[in-house]
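Here's a structure for you.
Note that the chains are named A, B, C, D and E in the order they appear, and that numbering of residues resets to 1 at the start of each chain.
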Amino acid sequence: MSATRNPTDWKSDVMQKRIARRYAAERRFKLLGLFAVMLSAAFLAFLLFTMLGNGLRGFTRTEIALQVDFPASPLLLDPANITDQGLVGANLPMVTSEVAKKALGPDADALLSPTAWTSIRDAIKADPRILSRTETISVPASTVIDLAAKGKGSPQAEAAVARLKQQGVLSTGFNASFLTGSDGTDPTQVGIWGAFKGSLLTMLVTLLLSFPVGVATALYLEEYARKSWWTDIIEVSINNLAAVPSIIFGLLGLSIFLNFMHLPRSAALVGGMTLALMTMPVIVIAGRNAIKSVPPSIRDAALGIGASPVQVVFQHVLPLALPGILTGTIIGMARALGETAPLLMIGMRAFIATPPGGITDPATVLPVQIFLWSDEVSKGFVEKTSAAIIVLLVFLLAMNGLAIYLRNKFEKRW
Amino acid sequence: MTGPAIFLLLAGLGAIAWVSARARALRLQTVARTSGRRDAVHSLPGYHGWYVALWTLIPAAIFLAIWANVSPGLITQTVLSDPAAQSLPADAFSRSAILGEARNIASGAQAAAFNPAAQALVEPYRSAISEYGVIGAVLALVLAFAGGAYAFTRVRPDFRARTRVERLVMASLLIASLLAIVTTLGIVVSLLWESIRFFSMVNPVDFLFGTKWSPQSAALGYGNKDAFGAVPLFWGTIFIGAIIAMVVAIPLGLMSAIYLTQYARPQVRKWMKPILEVLAGVPTVVYGYFAALTIAPALRDFAVSVGIHGASSESALAAGLVMGVMIIPFVSSMADDSIAAVPQSMRDGSLAMGATTSETIRKVLIPAALPGVVGGVLLAVSRAIGETMIVVMAAGLAANLTLNPFSSVTTVTTQIVQLLTGDQEFDSAKTLAAFALGLVLFIVTLLLNIVALRVVKKYREAYE
Amino acid sequence: ALTLAGCGDQGGGGAGGTRDQIRAVGSSTVYPFATAVAELFVQGNPGMKSPIIESTGTGGGMKLFCAGVGAQYPDIADASRRMKKAEFEMCQQNGVKDIVEIQIGVDGLAFAESSKGPGFKLTPRIVYEALAANPYGKGPNKAQSWKDVDPSLPAIPISVFGPPSTSGTRDSLAELILEKGCQSDEAMKALKEKNEDEYKATCTRIREDGKYVDSGENDNLIVQKLGANPNALGIFGFSFLEENKDTLKDVPINGVKATYETVSTGQYPGARPLYIYVKKAHMQAVPGLQAYLNAFAANWGPDGPLTKRGMVAAPDDVRKASAEAVKSLTVLDGSVLK
Amino acid sequence: MMHEPQTLAPATETKMTARDVRVFYGDKQAIKGVSIDVDMDNVTAFIGPSGCGKSTFLRTLNRMNDTVASARVEGAITLDGEDIYAPSMDVVQLRARVGMVFQKPNPFPKSIYENIAYGPRIHGLAAGKADLDVIVEKSLRRAGLWDEVKDRLHDSGTALSGGQQQRLCIGRAIAVEPEVILMDEPCSALDPIATAKIEELIHELRGRYAIVIVTHNMQQAARVSQRTAFFHLGELVEYGVTSDIFTNPRQERTKDYITGRYG
Amino acid sequence: MMHEPQTLAPATETKMTARDVRVFYGDKQAIKGVSIDVDMDNVTAFIGPSGCGKSTFLRTLNRMNDTVASARVEGAITLDGEDIYAPSMDVVQLRARVGMVFQKPNPFPKSIYENIAYGPRIHGLAAGKADLDVIVEKSLRRAGLWDEVKDRLHDSGTALSGGQQQRLCIGRAIAVEPEVILMDEPCSALDPIATAKIEELIHELRGRYAIVIVTHNMQQAARVSQRTAFFHLGELVEYGVTSDIFTNPRQERTKDYITGRYG
């Protein structure tokens, strides 16, 4: 042993204390990290539970069973000839109101949804034979009653609900028409199908435009482009586009697609094109990462036996990168699906009561519908807004889940 | 001849071209092979097939695309010269409505006429459509044949069909990548154009450095000088997006990333990471709704209960907090990447010296990852300042220059929405201001991104 | 892109193209009524497509409406104030020559507070002095609490949620309340004769120091915020007040509360007419347009569905004139506009 | 720098020649004027310390360096007298004629059958399925892998052991009937047994193909090659009959390297 | 499996002992019952083909394997007779006492000064700035780097050349006054000149610290070590005086390896 050594006395008190302090700091730091994760997760849970708490009621509605004695009612309808036009002239709103008054008392109009008569119309359309008998038909209750039945009403309304309950005509159940209907003015009648379909069409356009272009761009940049000022510009543009505020894309859509190209306002086509410009860079970036992660040895192998660059890419690189590209695409699409601001710029914030038939029809999308409903006068819309949010979230979580699943499933380490 | 029929026909021609060219190449290949020269045939028969098929299809398709845009005009010309068209109203919209309807009926897109005047035009339309349809179809077919025949004559053993076809593939990839530039140009042009008009009305200096934002006074004839000072908007944007949101997002995001990458068991990490990512996937309109109806009132009540003056129910804090939460996954995934990019050897080096994990993280990993983290934070900032809906719904419209997080402020994006979706004067500075704001926003995010990417790249290179 | 461009021009028959859905744009105040009528129109005309109604604010709607005649331009502009002369001229310039003006009803510009609120009693003068940026041209508004404005009021900080400068409702606030309050000062009346511009600025510009919070087009948010903030005052369309009677109470102006009666008789100072403007040139081209107008006329009566949604029916003579306008499509004479 | 080719007595047919080859990565010169002849009947080994340019030079022989954006090749390389860097040379065909096996086995993530069939398919070497089957079997046999995999041709190639994967890669190269096979440290990732198998395989392939092998294991060079080239810092220090190089190096640097003074 | 420790004559003080050490990565066993003694006055070299477990075993000696989630260590290892895997053993102190130098030089991206000062700082070994300066200078001197860097102590450590970086890492390890220094292929990324410098440094450090060095270069093992352990497939095949192992291996496998039959 050499004389100059002065080994540290690790067992000394000072050292032991110091170690204890260091370990305490270690524990604190770790807890801090755990706390950060938990806080973020708790926020998410809080958000989701708030939305669920508010929104689940939106999937139900209160209905009142009306006994309609068709033969005795002043209905102007020829049972042999039920047509749409005939039903319009049949004076149904008045008949409904009268029947209701007879059954429920003079304030019946306030108890029923203003469009309650459409339920009777639909019942007649479904089975004209009921015109010859007395039939019990469930019609939606008015918003006030609906809210009161769910425990959020004024005292008068609660009293009315108690009375109706006593009569045994009130029922609250799952509201299928919320999933099949479209925008409307009566919260008991509205549905999200129109907005949902609008979202689907918009996403379709977005996907068809952004996916091929995004993948092609990623392939070009990653596999073929030689580094030059030119590819630098492309690269900077793409990275920048991925971060440009979405509202700027709205401005672009407004001035190029609407004002310059004169494409139809409010259409899924324009919305899809605008969002495609937004999504494309996301796909490019995800695509490039996926392509990068394909090991060069695969390319070498193919090139080494004389595959051409195009063959290398389309027969080897692309198939292997596809799961990664798809994951990126889904994430980009999910983001586009939740996007609102740019669509406001191009007129997709309209009242649209018929689901769009095609990409050039006026349409709205789920997030915009949520935005619109959050501004509705009637209080019945509050729970509908939350319910629509739930639908949107479920849709998005499903997409994100799919992306995560794909990522986990195909995450390969070469 | 109808569109689908032509497409089918062309597709058929293309298929025939492919098959026959391939067969020919195959024959040539067999001949060459029997003669023993293995490299006598340059390309696989399939490539010859594609070469000829593309020559058959592309010229014809280009022609059809042009024709589809030219022929309606020609058809309308023809119909208008028909005597039945003399009675059409003069005004263009009614006229085109009638014409359009007649056309729809003629082409079968519509069953009956809503406007009686249209019925008379259906027949002329029908004949014109079929006439031009036939002309177009014939021309397209001639082109297809010509293209195909030309290409077919080139099918020879030494013809480099593969090279040609691959060149086309490359060209289309290149064109796709240009779209990004076109989009960027589109943004710049559309913003610049309107902004220039704005700046011809409002002095850019007043706009950029003025502290009074009040478009209403411009509308009320107060002149533009004192109305378009965008500093309060810039401040609001920075206050919400770059200060409050980041105060939330940076510590939470960074610590989450550290915990998940350095401490958590793989199983925990596998589940928590995607869960946190969901925070970034929640649509901003949902956050906005949540911020406006749940967070903002709670914050206001809190502020009032602790006696803060001037607390508004639309507060910078509510918007900033929620935005911060939304940004957490951005920060954490960037931090995650940067920390992961610090070579394992750094970590080992520190641990081997007897450092604890947290000492290693704080003294070695984070300093080493700092440029990447900073880059990530810059990107997150650029995302935050571009965020719209949360602020629209939760932060209000008052252009206040204030440091009080409980008061209402407004941001650039909110004002853009407001100026463009609300009441608009014709070509007034007020509407154009939205584009000027958009331009500023664009430039700022562009700069932020360039800087951020530079930083991240520099630092990645340092380890590669 | 070529084929896409082709889709846009569906009619392809020359300038304009075709459209089989009615399009209306404009006021957020009229929006609930326009959508309600749209629904009734579809119910009454099975097979017709539902009209597309966009809430852009009155001015924004006018801009789109006046941009031209043709399929890509809306057929109807909803307005919570009368068309301005400048707007009319813009229409004329763009070839929108014949415009039919139809008053569909009346709206009250309601002042409300939380039902837990202090019980404000206001006059146009008080409102003006509390909200003006520059009351009577005497320098910036220094009033901090209501008591500073009028000793009869409580010493509560001024906090008003109201419509943004981009809405017709704001124009109505200026015209119906602020100007009246402003004119309580004789000098201002004189100024009106002398210098219209300066008068407008002094009398209608609203303070921007945070006492007045403009809340976007989202009137519902104002309602929510009033509930959370009992000392604040809110200004919005009468229909929102009607719908939220349980959480809000109305604030009388000049001692008059906004009720259906006071608004319809015009006794309430904040009463204002609601209009729709229709392009005559589109009547032939857009299927169902006439029927949609008819549906308006059929439902705007005192007991009609629109009043149930919070609109106030116009007086009988106005309704009669409007019905006539719907029937004969009387063209608006620009010279009556301001 | 030595521009005189270091050839041996013209005992055998010369397959490839390199004359004054210089390779640059950007500004950095990785190969400094190397001239060498590769002949048909011998296995040629490249040895030298890490980073001396063995791989770089090997990759110039089938223009795999084309795929490195920064790489620039000067000088002349011929295959059967044809300049392989001439514009008329189709690099795809060149690479089919000069096959390559890499340091890390890199089978495609496809079935064993598809791995072998890929080359013949893209070059149109098989007239039909039956033809292809024959090629696959023949190649796997030559690669000494047939017996081990004949019952699981449709399993993934990546599921094989490292040594089997490397033989699969050799089989894949053989399947397109190359004239030259380049191998870059084919055994460095393998265990001793697999290494022995590959070395044996190289013995068997000798004569049918011109073989060039890079190795960092001098004993391996001694075992498998008849000619050895020693590279150092981008230069070809010495080229000669393997046994001479190892027992009787002419250059001081070669001697130092062989005795382990560096590397 | 050999559970009998392969010790040498008890000529010198034994610093660390390993008894029947087994290491698993998940289900895979990487070390199969190794027993060995490391003594104070000699440099011990671990040699063996790639993947035989040299690094794995080395890392068990200062519990660096704790940082690999899947790794599990069985058996007993002592330092000065204390069980280093005992719960009472503090790994932070252990690692300060058993320093480690890695294959690739890994200076922290900080100044040279900070690199050296890092360990003393976290362990609180310096009483103040002046004290720290002394430690830094002494450590750099011992690492043979002082003269080269004394004028630029505040330049980044990553700006040094590879060999200097590696000496910096050795200096960093020395700064906390360890008792044992483990080196995992410390020269494999270096050029011959830098390698020579490190080898010289090892010579100088010998006796002051117990040194264990992993190397794949047998000549290097022969040059720097007095004891050599040959690993193969996770087993310790042979352990003995270096000159014996190289001239007179007792095991067939050792001989095959040394003569280049594999690896």
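Assume contacts are C-beta pairs under 8 Å (C-beta built on N, C-alpha and C of every residue); 3 or more make two chains touch, one makes a residue touch a chain.
In this text, all values refer to a predicted model and were calculated from it rather than measured experimentally.
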item: Best-connected chain pair, where connection means C-beta pairs in contact; value: A-B
item: Chain occupying the most central position, where position means C-alpha average; value: B
item: Maximum centroid distance from chain E, chain identifier (CA atoms); value: C
item: Interchain centroid distance [CA atoms averaged], chain A/chain D, Å; value: 57
item: Distance from chain D to chain C - Cα centre to Cα centre, in angstrom; value: 83
item: Distance from chain E to chain D - Cα centre to Cα centre, in angstrom; value: 37
item: Geometric centre distance via CA averages, chain E-chain A, whole Å; value: 58
item: Chain B residues counted as touching two or more neighbouring chains; value: 162, 356, 359, 392-393, 421
item: Shared interface positions of chain D, touching two or more other chains; value: 92-93, 122-123
item: Shared-contact residues (touching 2 or more other chains) in chain A; value: 22, 308, 349, 374
item: All pairs of touching chains, each written as two labels joined by a dash; value: A-B, A-C, A-D, A-E, B-C, B-D, B-E, D-E
item: Residue ranges of chain B touching chain A (in the complex, touch as defined); value: 162, 166, 169-170, 172-174, 176-181, 183-184, 186-187, 190-191, 193-194, 251-256, 258-260, 262-264, 270, 272, 274-279, 281-290, 294, 325, 328, 356-359, 361-362, 379, 382-383, 385-389, 392-393, 413, 416-417, 420-421, 434-435, 438, 441-442, 445-446, 448-450, 453
item: For the chain E and chain D complex, residues of the former touching the latter; value: 49-51, 191-192, 195, 217-220, 222, 259-263
item: Interfacial residue positions of chain A with respect to chain B in the complex; value: 22-23, 25-26, 29-30, 32-37, 39-41, 43-44, 47, 50-51, 212-213, 216-217, 219-221, 224-225, 233-234, 236-241, 243-249, 251-252, 254-256, 277, 280-281, 284, 308-310, 331, 334-335, 337-341, 344-345, 349, 367-368, 370-371, 374, 385, 389, 392-393, 396-397, 399-400, 404, 408
item: Contact set on chain B toward chain E in their complex; value: 265-266, 343, 345-356, 359, 363-364, 367-368, 462
item: Chain B - residues contacting chain D, complex; value: 29-30, 33, 38-39, 41-42, 44-45, 160, 162
